[in-house]
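Once you scroll down, you'll see the structures, which are given as structure tokens.
You will see two complexes here that share chain A, one where it goes with chain B and one where it goes with chain C.
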Partner chain A sequence: MSIAQAEATELAIERPVSLSRTALVRLRRNPAAIAGAVIVGLFLLMAVAAPLIAPYGPNESVGGLASTPPGPSAQFWFGLDEQGRDLFSRIVFGARLSLLVGFVAVLVGLSLGLLLGALAGWTGGRTDALVMRSMDLVLAIPPFLLAVGIVTLLGPGVLQVMVAIGLVTVPQFARLLRGSVLAQKESDYVLAGRAIGVPSWRLLLSHVLPNAIGPVIVLATLTMATAIIEVAALSFIGLGPADPSLPEWGRMLAENASRLQNAVHLVLFPGFAVVLLVLGINLVGDGLREALDPKLGR
Partner chain B sequence: MLPYIARRLALVVPVLFVTSLVVFLFVRALPGGPAIALLGERATPEAIAAFERAQGLDRPLYAQYGSYLRNVLSGDLGVSTRSRQPVAEELLQRFPATVELTLAAILIAVLVGVPLGFVAAKRYQGPLDQASLVGSLIGISFPVFFLGLLLKYVFAIRLDWFPTTGRYDITSSLDTRTNFLVLDALLAGDGAALADVLLHLVLPAVALATIPLAIIARITRAATLDVLDEDYVRTARAKGLRGAIVDRRHVFANALLPVVTVVGLQTGLLLTGAVLTETVFSWNGVGSWIVEAISYRDYAVLQGGILFFVLVVVLVNLLVDISYAFLNPRIRFR
Partner chain C sequence: MTADLVVVEDLQVHFPIRTGALLGRTTGAVRAVDGVSLSIRKGETLGLVGESGSGKTTTGRALLRLVEPTGGRVTFDGVDVLALRGEELRKLRRRMQMVFQDPYSSLNPRRNVANLVGEPLRVHGIASGRALDTRVTELLDLVGLPRNAGARYPHEFSGGQRQRIGLARAVALDPDLVVADEPVSALDVSIQAQILNLLGDLQQRLDLTYLFIAHDLAVVRHVADRIAVMYLGTIVELATAPALVGRPLHPYSRALLSAVPIPDPRVEAVRERIILRGDIPSPAAPPPGCRFHTRCPFRQATRCDTEIPALREVRPGHTVACHWAEEIEAGRIRPAQPAAALAADG
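Now for the complex of A and B:
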């Protein structure tokens, strides 16, 4: 039996199973998604167990001040920075910050976007027009510039940065969910629900939303990846979290951008930490997208 | 077609008007102000008041906006509080740098991304397809400024193939008339200067092109896969057309439409990326100008720079919409 045939029989057997269940099965068969999950898992572990994994504290000076910080060695895996702090330890602790920022930013964008999108799609009419036109206006501004603007307004704290990056993503979530809700609204099960007198809010919450949520999950994952890059980018132009003791990857990169000549490890390690984490999240998101696509039953 | 374009162009005016108002208010809502940013935290209240009077910043907001709007309409974007240069003049100096950089990046992204996506779709699920998928994911996972630094380190510092910063060798005698340096070098017929300008352009353009390239490759692949499934492609094959002709006339031509949309949508992303790329490569464009203006609360520069960015995004989207008609005769404008 060829692989295609095997898959066909398997799918035939799984037919009555829910989409989320098939999605999980498909996800487990996708090596790229598994690789992504492993990467994200390792970073999560790093974040949770940072004090156990990092040999030194994030702000502990172990090497003294140096104008040319020493590179990687057996004792200090990633080398030291100009203040004699262990770079490996700082990157391990930095995972906490990056994951937190990504998570909270998505939470902000997702919750506001869901609210506005569901409102617009479900009520329709003028509310819909009003909400969506204002979302279009926001979408016309390049997102990073918008984030820059909001951070300059709110001030440079970790929370402000997370909120700024989250707010920028609201229109995307709102648009996506509005589209899904509109599509679901006219479906037979909603009509049936209305016919037997299910209250409108309950139809929305327990029938329409769960059916519209698949693409939203995918967008949330991919948005988290973008959010992590954007925090680093904000730090890079000097608008990131202001506290200089925070081991923020983007800031570590920015502070040492002029040291490419003599201490390139200070740029390479934080930079690749961002790339690896973002890649992991993107791999998972991409796998999710394929797994949740009902058209891909073939 | 013409009425459609006219109507779309007429819509640009209110959009710019609203944007100018939003940017105007936003810039003034920023904590601190040009007086403190320029005179320092310890400036006396008298000095600040004098500065604000001189700059007209003590007048009510609506009056400030009114005169700002009048000036803008007559082509006067105000004077930078920091450099004391007219913003319009500096914008004319700087925007060619940003346009040159973004155009080069789009060119790279399209010239590499479209064929890559097309070939990947033709070899669906083959090794090349898989490699391009993973490659594009890696591409969009790189922060543009880190990629810039990385390219700079490897190709400029280590290998010394390219210059590290700037737009051209300042010791050269290039006449920077239009400030589109590639054009200037061509106009002067100066081969050495052209080579120098292009060498300076390579690294920033490649850094800026990477993410759009990855996205364009993915969209082209998806669009081509969709078209390959169409009945008319099967018909074309069935009636015995050569594969290359089917690919070119039936598949590629139809797969191009979503690609054009995405190229248009990338403009915002490119301008954003330009802000960061220009900072990494000390490229004197509008992006790095805006970043500097933020810390100096340079109202006029911020207003002018952001308005310029929005204008570019709006116009590019208009061009994209118009280009649909040429690419797809099925679309008719009313």
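Now for the complex of A and C:
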């Protein structure tokens, strides 16, 4: 059999598989990633179908005021808070806010970061220096302090908190994408594209970005977890969403921290919700990183 | 055969050396290509040979404006390539294409073959829809790939097949000039001949002109009509392939040729062997005078380290940049290294 024939038969056997599809296949083979996806999926379901899942409304007082709120029982799974509201229902409704904040914050950080990172990496030269030095400036400030500063500047509110947390993550996204773009920019296929006559913007959008974006996707999932913690932290220090009746996990933690001795469940369950969701997202993120790494597999 | 398709005059590509991150100061330049002049005739294959760091790849890229030349002139079919801007340059790219050394990194791993091969046609608005599919199938046929290769991805192919994909992409626009930058050096020896044959086949069928860049003189002597030898950013010798291989005039060309084994043990035992000492000097600080004098076994006490030798025509069509080319050829100057020459063929 000649070499050409051997190559031909080899071709006939192999099925065409795209890289993004192999990434999905690899993700499916990773039990930790599946567990993470299940956790995140459950929280998503909780958020979407909150009114159906929660037995009571988030602000519905079902037990009356109590200085020592009753703990978990068959009727109130997670117990009641000091205003007589069902904690389980509040946590279920709280998933909406946490997921929304995580999603929007990442969207803000990702979109601005992508724009700046791609601009800096692709253009190079002075633009690059200017963009990246200003990113360094932002990175020099501790992220949580910066978020606090931005919220103070913008005023309280759900949107403001999301924007603040998102803005803080911009330099990370920009830096990561810039590096990734720089690495791709030097590769032969980009040169080949230029030789063919592909316009620069098209080369960036349709060739470089798809190859450069892998690590950024991973960072996005991990950032979503951080964003959820940060909104909880902002709520904890009193800079969270303005409406006090909103069931926010971080605020629940903050308001009840002093009751740790006589009503542990008020801190335990919201804290557990944050940890579980963050864990789920992190597992998915780690799985994605492994699945998208071209060095693993062929 | 006689008309020049490409004329390069005194081409220079200097890369600035900057220090400092923010306020970069230029402290020097890497003279990757430093005064290259050559012409490529329509329909011929010009081989460009040199070792790593000689600037041959940069020369090829500068011709296509993939690297911006810092000086000199490049004329392609009467058009001043370096004067073109934006859309004009993009249009000219239809006529000059490139084949890359590494068939792995030169194909976007996330695009399938039909997409890769069809991209030049789409970008220049030449074909779309069914016409594009037809043309892509034609091109795959042309380079000897199976028709069903279009839906597959580069990582599913072997090195030789990938190089075929690269060739299909390069000839998709029906170019006049193809710069082939070490097109076979990344391939297994058994595959090299196939790709070289394909290159020759395409040249005949599509009336192509090649600039064939390689470090391996053994490959180039078989495919090139004329050969240019580069050393440290300059051309040291240019002649027809038989003349350069049969009667090399520049000491560097002799050294390169003496590294090519001859498949005859009797000849191999007695032939002249020149072993160069050391590495190619840094192009950031090229030696004064003749750039080769630091490694030249024929180095003389005068002129070599003070006077830059001009490229001069020693025989018709055979140019060389060496002060002592005639004396060396006549055997009046012998190599200095005692162990280097077993037998001088003079």
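The criterion applied here is as follows: the second predicted complex is superposed on the first by the 280 of 298 C-alpha atoms of A that agree within 3 Å, B and C clash if a C-alpha of one lies under 4 Å from a C-alpha of the other, contacts with A are read in each partner's own complex, and residues count from 1 in each chain.
Just so it is clear, a residue touches a chain if its C-beta (ideal position, glycine included) is under 8 Å from a C-beta of that chain, and two chains touch if they have at least 3 such contacts.
Because the structure is predicted, anything quoted here is derived from the model rather than measured.
A.B. asks: Which holds for A:G238: it touches chain B only (first), chain C only (second), both, or neither?
C.D. replies: first
A.B. asks: Applying the touch criterion given at the start, work out whether A:I229 contacts chain B, chain C, both or neither, answering first, second, both or neither.
C.D. replies: A:I229: touches chain B, not chain C.
A.B. asks: For A:L260 in the superposed arrangement: first (chain B), second (chain C), both or neither?
C.D. replies: A:L260 contacts chain B only, not chain C.
A.B. asks: In the complex of these two chains, what residues of chain A are touching chain C?
C.D. replies: 3-4, 7-8, 11-12, 14, 16-20, 129, 133, 187-189, 191-199, 202, 207, 210-211, 294, 298
A.B. asks: Mind listing the chain A positions that touch chain B in their complex?
C.D. replies: My answer: residues 32, 137, 140-145, 148-149, 152-153, 155, 225, 229, 232-233, 236-239, 250, 253, 257, 260-261, 264, 267-268, 271, 274-275, 278-279, 282-283, 286.
A.B. asks: Taking the touch rule as given, give the residues of chain C at its contact with chain A in the complex, in rising order.
C.D. replies: So the residues of chain C touching chain A come out as 21-22, 61, 64, 66, 90-91, 93-94, 97-98, 100-102, 105-112, 119-120, 123-124, 144, 146, 148-149, 151-153, 155-158, 160-161, 166, 169, 173, 190-191, 194.
A.B. asks: Over in the complex, which chain B residues touch chain A? Could you list them?
C.D. replies: 15, 18-19, 26, 29-31, 133-134, 137-138, 140-146, 149-150, 152-153, 157, 268-269, 271-272, 275-276, 279-280, 290-291, 294-295, 306, 309-310, 313-314
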